[in-house]
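Shared between the two complexes below is chain A, which pairs with chain B and chain C, respectively.
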Partner chain A sequence: MKKLTYFPGCSAHGTSEEFDSTLKLVLKTLDVVLEDIPDWNCCGATSAHVMTENLAYALPMRNLVLAEKLENTTMGIACASCYQRMKVTKVHMDENPELAKRINTTVVEEGTYQGKVDVKSMLQYFYEDIGVETIREKVTKSLAGLKVACYYGCLLTRPKNITNFDSPEYPVSMDQICEALGATATEFDYKTECCGASFSISNTEVVLNLSGQILAMAKESGAHAIVVACPLCQSNLDMRQPDIEKQQGIKYDIPVFYITQLMALAFGNPIDQLKFPKHIVPVEGALANIGKVSPVPEKVKKPIKAVEAESEVK
Partner chain B sequence: MARVGVFVCFCGANIADYVDVPQVVEEVKRIKEVKYAVEYKYMCSDPGQGLIRDAIVQNKLTSIVVAACSPRMHEKTFRKALSDAGMNPYLLEVANIREHSSWVHQKDKKAATEKAMDLCRMAVAKSIANEQLHEISVPVTKRALVIGGGIAGIQAALDIADARIPVVLVEKSPSIGGKMAQLDETFPTLDCAQCILTPKMVDVASHPYIELIPYAEVLELQGFVGNYKVKIKKKASYVNFKTCTGCGACWQKCPVKVPNEYNMGIDKRKAIYTPFPQAVPNKPVIDAEHCTMLTKGKCGICKKVCLPGAIDYEMQDEIIEREVGAVVVATGYDMWDPTPYEEYGVGRFKDIITSLEFERMVSANGPTNGVPQRPSDGKVPKNVVFIKCVGSRDEAKGIEYCSKICCMYTTKHTILLHHKVHDSHAYVFYMDIRAAGKGYEEFVKKAQVDTGTTYLRGRVSKIYKKGDKLMVRGEDAQIGQVVEVEADLVVLATAVSAPKDNPELARLLGISYDKYGYLSEAHPKLRPVETAKAGIFLAGCTQAPKDIPETVSQASACAAKVCGLFAGDTMKKDPMVSTINNEYCSGCQNCVKVCPYGAIVTDEVPIGHGSKELRTVAKINEGVCQGCGSCVAICRSMAINLAGFTDPQIINEIVSI
Partner chain C sequence: MITLGSQGKNTFLEDVNKKSGANVLECYQCGKCVSTCPVSQYMDFPPREIMQMIKLGLRNESYMANSHWFCLTCSACSGRCPREIDIPAVMEAVRHLAIEENYINDSKKVKEIRKFHEIFLSMIKRYGRNYELRMMAEFNIRTRNLFKDMHLAPKALLKGKIPLGVKPLKSAKAIKRMYEVAERLEKNK
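Right, the complex of A and B next:
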């Protein structure tokens, strides 16, 4: 049995409740026990870090200090924004002890920041700490036949010097996990484009445009569904999909799964525990492809005609 | 008693802004041996040197201290001033108060001034013990080594050889010609590269004063200017060049196919091959890594078909030695690998190629007979996007510097595309168009008009695939919008980078290189072809990215330097060399071990006057000695003395502070 410190973040209790609950199903199969950070607080995402430096660092630092009171050396975070704020804070504090000292004057009661706990997104935890092979071994119901476009968004692998995980432009970790589950990951060039993020509320047009392009490219890649590991990405691509369809006049009908939902499914959990009714875009059409393995051969590409070097025979 | 003159330089503002020069002068005037001290704005200028000359004569000075920049910069200048005033030039001491004080202590003028005073006191104290020294004459080996057989090495070798000085030209690949042999046409006149290069290659091979050693590497360089010994490894070619006629039967019959480096891997060559049909020497070599006879002992076809019997599978690498007086390094450049540009899909999309791959495609002797083709499906591309500065001017993913040639060759590529595919359209994403050179701006302007190329000022942020097209998304800064171009083919103008072997070569030659791996010149403006090591010169891109005209100019400049070096029968050398006092030498030979130049050997001398019994002592070859002082430091019996750095001089320096 492994233990992992867990930072749920606010969305796990609201819009991404299905991420949180299926994550717990998956970790049960993988024999990992989550320990919530006692009395955790908001990570400060979006508002704090554009307002004040002190608050932007102090909010995550309080969580990091509280996490040090648990024995585990790694903190797993489901939400990409929470992960970003926590990881940025950790990296900056570790690089700059003077800064850490200054911010620690705001986080007084909880104790001194020591930098003992590593911060990982759940995707990174699955990929690095569990491993693709272990995941493959736990699959009882292969997802073969399902084609997915893995969408990472902007925060899970960027900036590279902060996350130090996978590629900032063309990551493959989620693709490999999906392949381990039996699904096919499509060649999807928009996997790190911006979905519009929190403009969903303040300037919805932006999200309709940007998320619309992602949906179009996912469809173009031949995917039945999109897979994400970020609550905001999921909400923009799923919840805004009807609006996008209305605006563009195109019917996408492409459901947006959390990676944990597909993992839980492949690990043999009953479908009624996977919270599919919470989705705006119905999932049944996409899931119907599971088991239908189409015998389409790989396109044979014609190589360039090589011209034999002229040789002079004397 | 010693009469010392001290001359403190402002170096414009370089020293004076951070060191209180008049105060330094006042301070040194307190030293009793100092009979004259003065400050001046530029001591190295003619009036500055005049000050020194006049003061020597008028004040009957016995030694001189110049407090200015590094002795590497102007020691020679000031020594000459001493000579001109009739004084032995080695009675000069330089106190380096610029590099060692004003430049490094810019935040603390008081401390910088105090340090400058200390440096002056030390130099004065040392100069009091200075002795008159005289230059040493050493013989010169009038033969030059040229490393690298691209256009730079070819030009340098030909120019030196034309002055009837023998040249050894070492090239690591089987043929000379370098990157220029891979080019189709050259900017800004569109001469065919082959037509202007291959005659020069033939000249090299047939020149009576050039010994061409292809398929070889320099292993070791020993000695000093005028008297270097070089070890060269001739890699086993498995073909006896003396009997081979270059008929081509072997490579026609060879069954092993290997990606062809000359054509950037677009087509295949055989395991026994000449790099290209116009190769010099036009003799094949066997690629030992891929030949099945050499790796598995199976095949042997080339030996069977070779009528002159030139194939020898037992051939071994051979190490040869040559004596040379000067070295020209012309190892060229590498093309930067664009793999870090993941947002462009480099490596995932076959229809993204580098500019050198495009060059091979449009080349008349290229793998596609001069017509560009998409690597994915062999179709002739209509819409081609050229992206400049891939790797260049990119601190995040690539290299900070401008590669200098990409603006021009991309312009050339748009013309070549237009010539080969009439109904094509080129798009160029650029940051700036840097067309500084004779006829360059005119060339770019004319190309823009003639080809109708769309120039888009901005960076490309992403390339993605849509059907069988590549969508290139970038900024068009002139309309302030993001644009997308549908491309059949994308050509990346990848940066010029230093040869990856340069650091190793630099260590082997004992010269320095910069953070990118380019070899360093002695002075960026005034000594651009010399290195800091006497007798070693740089030509072409191994020093920094440059185009063909500049490379050829620099190569010819190297040749002029080599010819100048060899102009006399002997060479003058600084007299700062070690001497051994046999009376003190115990013959322990520690100095022999530490000498990095191999300048110390052993000798036998009688134990005493008239004695027939002999004992071993160390002996220094003053022609080889570089005056580093290692032997002085290791000698337990204090038997070694280094002229110009004698014990009294050093002790004086220490005592003075």
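Right, the complex of A and C next:
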């Protein structure tokens, strides 16, 4: 049994409740026990660092200090934005003890920051601490037949000097996990494009444009569904999808899963525990592809001469 | 207008460099940031031009541009910058300086973006966590756009996508104290 300090983040109690609950199902299979940071607070998200420097460090620091009181020294974070704020704070505080001392004056009562807790996104935890092979071993119901576009967004792998995980341009960790579950990860070029993130409410026009491009590229890659590990990406791509379809006049109908939902499914959890009814875009169509694997590989490469002959006939 | 400090020093460049930890002078204007930026099309001045404006000491014009408000801090630009300049940190420095020196861009979009962040921070100050439903309601009221996103509400509420309440922190007082100390730090820099 492994232990992991857990920072759920505000959205785990709200828009991404299904991420949180399926994560817990997955970790049960993987024999990892979560320990919540007691009385954790919001990380400040985008708003804190947009408006002020000190608060943007102070809010995550309180959580880091509280986490240091727990036995385990690795903190797992589900939300990509929380992860980013926590990691930025950790890296900057560790680099600059003078700054850490100054920010620490905002959370004196909680304790002194020591920098002994490591911060990881859950995707990073799965990839580095659990391992793709262990995940493969736990699969009881292969997702073979399902084609997915793995979408990482901005914050899980960028900036490289902060996250120090996977590639900032073409990451593959989620693709490898999905393949271990039996699914096929498509060649998807918009893996790390921005979905519009925090503009979801204040500047919706930008989100419809950027998320619309991601949906279009995912569809073009031949995916039945998009897989994400970030609550804001999920809500922008899923909840805003009907509006995007209306604006572009194209029907995408492409559901957006959390990676943990697919893992829990492949680990044999009953489908009614996976919170699929919470999705705005129905998931049934995409899930119906599971098990539909043609015995012959779909793309049999024709010899070049045959292709030339065909084009001559046309 | 180009405003230089005493002895012709570009104090704006110095302020931005100090705050961001970057060296804007290293920018050689290749424009890779602009072609990478997902929101450059919405900016008054795309990142490359802002970098040049800082080099020229155009304090006023940089503050009043909407560029730093539209920056999503996605870090795509800095990842591809051949000079490895932390452009989002530069944008952030310009924005923080503009806020500190009370420069207000009153275009509708910037006002809305700023209002959203202010409401978000007030939610955390009050509850220690984000109260999504209340935040959205306040945003609609304070931007006088009551029916924004209302078509999403029935589904989102019915599916429990957006919960009706929030579980506030036990130590909510700690957060209020943190805000006070952080504000004091901000002033005594």
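Following the convention adopted for this analysis, the second predicted complex is superposed on the first by the 293 of 314 C-alpha atoms of A that agree within 3 Å, B and C clash if a C-alpha of one lies under 4 Å from a C-alpha of the other, contacts with A are read in each partner's own complex, and residues count from 1 in each chain.
The rule we apply is simple: a residue touches a chain if its C-beta (ideal position, glycine included) is under 8 Å from a C-beta of that chain, and two chains touch if they have at least 3 such contacts.
All of these numbers come straight from a predicted model, not from anything done at the bench.
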Once chain A of both complexes is superposed, is A:T134 in touch with chain B (first), chain C (second), both, or neither?
neither
First, second, both or neither for A:E53, with chain B first and chain C second:
second
Between chain B (first) and chain C (second), which does A:E17 come into contact with in this model arrangement: first, second, both, or neither?
second
Tell me which of chain B and chain C touches more residues of chain A.
C
If you stack the two complexes on chain A, which partner ends up touching A:Q247: first (chain B), second (chain C), both, or neither?
neither
So, does A:N41 touch the first partner chain B, the second partner chain C, both, or neither?
second
Is A:E187 contacted by the first partner chain B, the second partner chain C, both or neither?
first
Partner chain in contact with A:P277 - chain B first, chain C second, else both or neither
second
Looking at A:T112 after the superposition, I want to know if it touches chain B, chain C, both of them or none. Which is it: first, second, both, neither?
neither
Quick one: classify A:E169 as touching chain B (first), chain C (second), both or neither.
both
Between chain B and chain C, which residues of chain A are contacted by each of them?
168-169, 193
Taking the complex as given, what residues does chain A use to touch chain B?
167-170, 187, 189-190, 193, 217, 220, 301-307, 309-314
Flag every residue of chain A that touches chain C in the complex, lowest number first.
10-11, 13-15, 17, 39, 41-42, 44-55, 58-59, 62, 102-103, 105-107, 109-110, 154-155, 158-160, 168-169, 192-194, 196-199, 201-204, 206, 210, 235, 239, 277-278, 280
Give the list of chain B residues in touch with chain A in this complex.
245-249, 251-252, 266-269, 276-277, 342-343, 345, 348, 350, 367-369, 373, 375-378, 462-466
Which residues of chain C touch chain A once you look at their complex with the stated criterion?
38-39, 42, 70, 72-76, 78-79, 86, 88, 92, 95-96, 99, 109, 112-113, 115-118, 120-121, 124, 128-130, 132, 135-136, 139, 148-149, 152, 155-156, 159-163, 166-167, 169-171, 174-175, 177-179, 181-183, 185-186
